[in-house]
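Across the two complexes that follow, chain A remains constant while its partner is chain B and subsequently chain C.
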Partner chain A sequence: MNTTPPSPYVTLISSDGFEFIISRDAACVAGTVKKMLDPQSNFAEAISGVCTLGTINGVVLEKVCEYLYYNLKHRDAKDVPDMEIPPELCLELLMAADYLHV
Partner chain B sequence: MMRLIRSREDAIVVLRCRIEMYVAEKMSGRRAANNRIRGPQSALTDFLASNNISAAQISAEYDRRQREARQREQEEALANGETIEQEHDNEQEKDEESVEIETAAQKKRKRQQEATVSKIKKGKAVKKQKKSKGDDSDGGDSDVAWDMYTKKKPLPGQLENCEECNKRFTVTPYSKTGPEGGLLCVKCSKERTAQEKKNQKPKKQVVSRDKRRQVQSNLLDGIVQIGAKSLQDICIKAVANNIHDIDEFGDLPQELLDPLSQILSRRRAITSRTLDLFLRPDLDTIDLYDCGKLETEDYIKIFSVVPNVRNLNLRNAGQFKDEVIDYIVERDVPIRSLQLEAANLVSNDKWIQFFMKCGERLEFLKLTWLDYSMDDDAFSHLVRYCPNLKRLKLKKCFRLTDAALNAMKELKHLERLSLRFPTSTSSVNLAELISSIGPNLRTLSLENFTDADDDVLSAIHTSCTQLQKLRLTENDCCTDAGFVGLFTEWSNPPLAFIDLSSNRSVDYSQPDGPEEPIGLASAGFEALMEHSGSRLERLDIPSCRHITYESFSNIFDGKQQYPLLKDINISFLTKIDTAIVAGMFRSCPQLIKVTAFGCFTVTDVAVPKGVALIGVPNAQDSIVQEGDVDADYF
Partner chain C sequence: MLAGRGRNKIRPPRRGLGNNDNIDFDSMWAELASSLRDIHNKNASQLSFEALYRNAYKLVLKKRGEILYERVKEFEEEWLANEVQPQILDVLSPSLLLASTGGNTITTANEKRAAGEKLLRALKQAWEDHKLCMNMTTDVLMYMDRVYCKDFRKPSIFTASMGQFRDYVLRTPLQPDPDHQISIAQVLNAVILDQVRMDREGDIIDKSLLKSCVYMLEGLYETEEEEEHLKLYLTSFEPEFLRASEEFYRHEGSTLLLDADAGTFCKHAKRRLSEEEDRCRSTLSPLTLGKIKLVIETELIKNHLREVIALEGSGVKYMIDNDRISELEMMYDLSARVDPKKEELKKAVQARILEQGNNVNNATVAATQAPPRPFAPNGGKSEEEKAPEKPINLQTYAAINWVDAVLRLKDKYDTFFIQAFQSDQGLQTAFTRSFTDFINAFERSSEYLSLFFDENMKKGIKGKTENEVDELLDKGITLLRYIQDKDMFERYYKKHLSRRLLMKRSISMDAERQMISKMKMEVGNTFTQRIEAMFKDMAVSDDITAQYKRHVAQLGDPDPKRAEIEVHVLTSTMWPLEAMAPSYNEGEDRPKCIFPSQIERIKQGFEKFYLDKHSGRQLTWQANMGTADIRAYFPEMKGAKKTRELNVSTYAMVILLLFNDLPPGQCITCEEIQAQTNIPFNELTRNLQSLAVANKTRILIKEPMSKDVKPTDRFFFNDSFYSQFQKIKIGVITSGNKVEDSTERSETEKKNNDTRGGVIEAAVVRIMKQRKELAHQKLIAEVIQQLTARFMPDVNMVKKRIESLIEREYLERIEERDPPAYRYLA
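For the complex of A and B:
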């Protein structure tokens, strides 16, 4: 088992090849990604710190990343204002959210 | 006047004369009482006059006192052989003498200041004299009165040393007062204002009215949101907001369709067009919570597009008619779970036909708000043709009576039974029903069975051994002893859900209830918590007004733990106070919602983070405070 602490950044790759390098804390807001990156598991993603999300395209994944940071920022706040969702993305984003458990 | 009155004309002339004389007399009389004509008066004089205070009188008094004082002074002055003017000069000389003693640098400044002061003094003296000399004309009167009550205008050009930086500056109306009471220069004044602003608490963020309303609405639903909403929730809301621009949902999973349907139903946006979005041949569940805008063809469309629907839940389904049942029977739609609300256009015969053809597979049936059809006869067919029913919920089916209650005994597979009958039923029938199907029951919900008595409770005690959820509401026949009997040494494992709302005596001539307590009172409540406290998740005991304060403080003493209790409703229990609620927060670590309408003695309680306390007075302020569960209250 690798004992060196994992990098504070991870990479999410969309279906059309866009790479998003975000902080590990933010990425772990998403339940699915958190499980992928769980150091206890032996998933390839956990070892390499790279998650390929084949069902999510770049535009949607960008919005997802925005949400992850938004969620992290407002972790303990009350009455958080809702994030703006562009109407044309809402259905795809809903599917992605369902897949990622956020 | 002594003229002879000869004609009508003469009479009129005489009359006119008299009137004129009368008016003249009156006028002069008024003038006598009020001997001068007044010009415009000041507002103050008017006000004083309206309060029976005469400004003239006040100023006359004032003048008199002045005159007397002057006289005395003059007498004294005469005795000393001096005039008032000389005294004035004297004063000035004395001042100048004292100035000379001071250092040269200060001299100039001081002199200037003194000059200003003496100028002001002189000005005042002149004014005073003028006034005292002035005659008693009306205008003068009100002027004096006015001057007496107005503030002196700050005189421009006064100079002062700044209290903080000691610089010389001109005093203006905007000059601030320093900490020692002296004046501050412009620069220091500015600095001070800035400091004061900084010290002020940051203003509360102004929340818009809609937002506040939303927060309150969520609170009433028991939702205390900490942190951001989940992305799913945000997206579902966005989808609902743009529902009219969406042509299809794609392969959205069933779990997401349900919350969408709920939001759209609440907005009454389920129409023939939006219905299409929810219909996909591969689905087996349709949940629509408000079908008020759907027509008969739309219901038929559901079954033609989704032929394999197994779970059907249609609320407010007013246009769900005989034809729809015909279609279901004809196509043999494999419905296993059917929930219909207000489907009043289905006739009794159609119900019977439906039960005969499709009853075999039915496992769950919920019928509510049926006031036209579904009578005892149709119900007996239900019992006969739907032997596999596991869950049965009948609420507000207005044509069902005791006969239906009797027939229900044959449904041996029932696991969950929820009933609310519109008419009163006999307690004996209910007890018999529970005795015959009780052993299998997981849920027993009996709402508004006003005639149920202790026999029903003992039937539950003896026959129910697998209950998880028990509801028995709005009853004033069961006694406290009956509840003690139910919960004491009951072979049933601890319950997860207990709702005993409104079990109390309704005789308001005895506010504390009869000697032998009726309804859920202290002993019954303690027995309940003793039996189920370890597994209880939800406890509803609103209006059980015979439970004593001591009993509550024993149960929620902050030491005994109810590890799973999440939701408590203690509305209208007026004995409950802040200490009890605080004890509740300590005794129930999992608590998320406390409903306490009408508990007027619960005030200023420190609500732990993540708990919604609903309904207490002043709820608007801060329902959720951030703090520990250990916030001390004893």
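For the complex of A and C:
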């Protein structure tokens, strides 16, 4: 298969067509995305580096991406500042988190 | 937290997935199933993970998790049974089957090996594929695992499918006959074992292939709970492996024992151990390491160790004799593995020490008895007198040789001990015990050791550096540690020391002091007390002599003819006087030597001087220990100076002074000499011998000329004596320290026993005084414990001493007491 090292960036596409290009490390914070991109399993997503997430809309996915970076940044830190989460998005974010296994 | 700030209304989730609420399970499953098949066929690149995941996600959300789970399991089951199993069965050649059922195969090793490798490869492939597919499946069904399996406490789909692999691939019965159930797993075991055996026999095998199959076994468990100890590897493979190894090594051990020598055996065993270690690391599982080592240890080492150690011509004995340190080290290593106490090795080495020690002892005895006595039966009384000088030197020589030999032996074993036996504590005690045994088995060891010191103090340490002397003394002290009868040694040492001190034979007083301090450290204070007192006496005597000289000078009586005197005043209890005067018996007064008048005057002068200073003391003159310097005039001496300075014993001086009063040419008989001097006869003859018989110091001429001195012999002053030296030392024959003859010896022993009796009584009284009442056994035990530092008390002797103490009413028996006990009577 492709022996070149995979690109350091991957694309996440929301159900309503927004594309988020984020670093692979950040994307892999989400368990589901990590498995999806696992080069060993060779799914279509792993080869193309593009994940279409049919259950998440653009607004939520933006917040998710923000969180992924936030998580990556504060991975080993203590006393991290809280992340701003608009209350209206809570429930949907929770569902997305469950889905993405964050 | 969210609720707290909840001014804004929470937006309900958009029903994105709600639009087809009544999802059609069957169609979704069909999609999933085909995808799973694609995955198993390695066609995954066409599939969208997200789509599959979403499907599973929805199914689980809609409470269809259970059906999904079951369906997936069914699917896997089918796949394994229909696709994987036949592949494996295909490569299973009949020869392998036969081999694993124990039937005799006629296939050559190569065929078997090829078939085996084929099977291993196929299994490995199947396993790896299965693992990969299951990983992917699990990934896709992650949501199911996370939600459904957790909620319902089902094993994850991965675990479940692993169990299926175990059941449908490995555990498949190969033959319809239920009596001979044989599964692929068993064949696999047999193949692996075969490969391992080939490896042991030196063939080259594909280790990584084996390793991956073992990995497979390690990855599978007996139950779905995946408990560590229920790995298939541990439950099915390992026991068989250990059994096969046991058999292999048992066989190898017995053949090796027949063919190889001990060294090779050790090397081989060691190599096998490291081989198995490697094998566990590179081919099998590290889990087996300890167990397989145990197998080798029992089969190869433990069961054969005794034989190997005892192997004629190559066993431990041989190794010791030939300084095979590396082999001994291996031997130690192996023994240490199977037996923390190393009994066998210990025994063997001990036996060898004893054997060599006894050889030394016997050789010494032989050496001392070897010199044939020139006049055997008819020598009569005089024979003892002329106890030939040579054999005596020989005996001394033998004594020193003995000590040397023992030290050499000790050195040798010390080397082994450090280099081969890793300074093992247990072995050290064993060594010590053996040395103690044989040294004490040799009854003259105390005497010989003391002689060894004596010899070294007199001659041996000449020209040696301080360190060398130190080392030498240390060695001697080591031997002293082994000697049980330390009081015996003390007796001899004192005797020898007194001679050294009085005759000024010791080369270095520093060395003497060093020796004392070493003994003090080794045996304790009480032991050296008396010896130290001897040194003190010497120092005090020097003082007194100096004082006396000053005193005489003050008297102002410058008499040119006056002889100078140097006196050693010795405390009689501290000095072994009986040793200095062998013929002196208790109760019988020692014949007093009659001194010539000029000497007698000095003697009295000193006595007066001394008793003035210390009233209430009694001075006894031990003329037999002294020496004198006299200036003799030989009228017929050739050369310019006709005087010579003679250094002679006191007795010899007394004898020579008799000739002063004699007109030239006159003679005097031996009997007359004795009458005039009252020197004990044996001393007299000895002195006369050295004066008249020895060639270089013939101051007197004896008639008739012969070696022996008879009472009727006549003596003349030898006017024509000549020596080119100005100073001449005339030693008294056999005045040096020598080995005791048997009568002296038994006397020493008797004396020693008397002392011991006293020491034992003292110990008994000491103990009883403290305890007031004590049982017999305990008393004896305590006495022995107190005294072992000095000597091994004989139990009978202790009993006798207790009896005698009872008679003297120090103790009494407590009536009606069982076990018997004693009471101390104050």
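Keep in mind that, in the parts below, the second predicted complex is superposed on the first by the 102 of 102 C-alpha atoms of A that agree within 3 Å, B and C clash if a C-alpha of one lies under 4 Å from a C-alpha of the other, contacts with A are read in each partner's own complex, and residues count from 1 in each chain.
Keep in mind that, in the parts below, a residue touches a chain if its C-beta (ideal position, glycine included) is under 8 Å from a C-beta of that chain, and two chains touch if they have at least 3 such contacts.
Just so it is clear, the structure is predicted and the values come from calculations on it, not from any experiment.
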*Which holds for A:Thr52: it touches chain B only (first), chain C only (second), both, or neither?*
second
*What is the contact status of A:Leu91 with respect to chain B (first) and chain C (second): first, second, both, or neither?*
both
*asked:* Output check: A:Thr32 vs chain B and chain C. Expected answer is one of first, second, both, neither. What do you get?
replied: second
*Partner chain(s) touched by A:Tyr70 [first = chain B, second = chain C, both, neither]*: first
*Please name the chain, chain B or chain C, that touches the greater number of residues in chain A.*
C
*Using the superposition on chain A described above, determine whether A:Phe43 touches chain B (first), chain C (second), both, or neither.*
second
*Taking the superposition as given, does A:Val80 touch the first partner, chain B, the second, chain C, both, or neither?*
first
*Residue by residue on chain A, keep only those touching chain B in one complex and chain C in the other, then list them.*
85, 87, 90-91, 95
*For the complex, which residues does chain C have touching chain A?*
2, 5-6, 8-14, 16-17, 44-51, 53-54, 57, 132, 135-136, 139, 142-143, 146
*Going by the contact rule at the top, pick out the chain B residues touching chain A in the complex.*
207, 211, 215, 225-232, 234-239, 241-242, 245-246, 249-250, 252-253, 255-256, 624, 626
*Footprint of chain C on chain A - complex, ascending*: 15, 31-32, 35-36, 38, 40-47, 51-55, 57, 85-92, 95, 99, 101
*Mind pulling up the chain A residues that touch chain B in the complex?*
64, 67, 70-71, 74-80, 82-83, 85, 87, 90-91, 93-95, 97-98, 100, 102
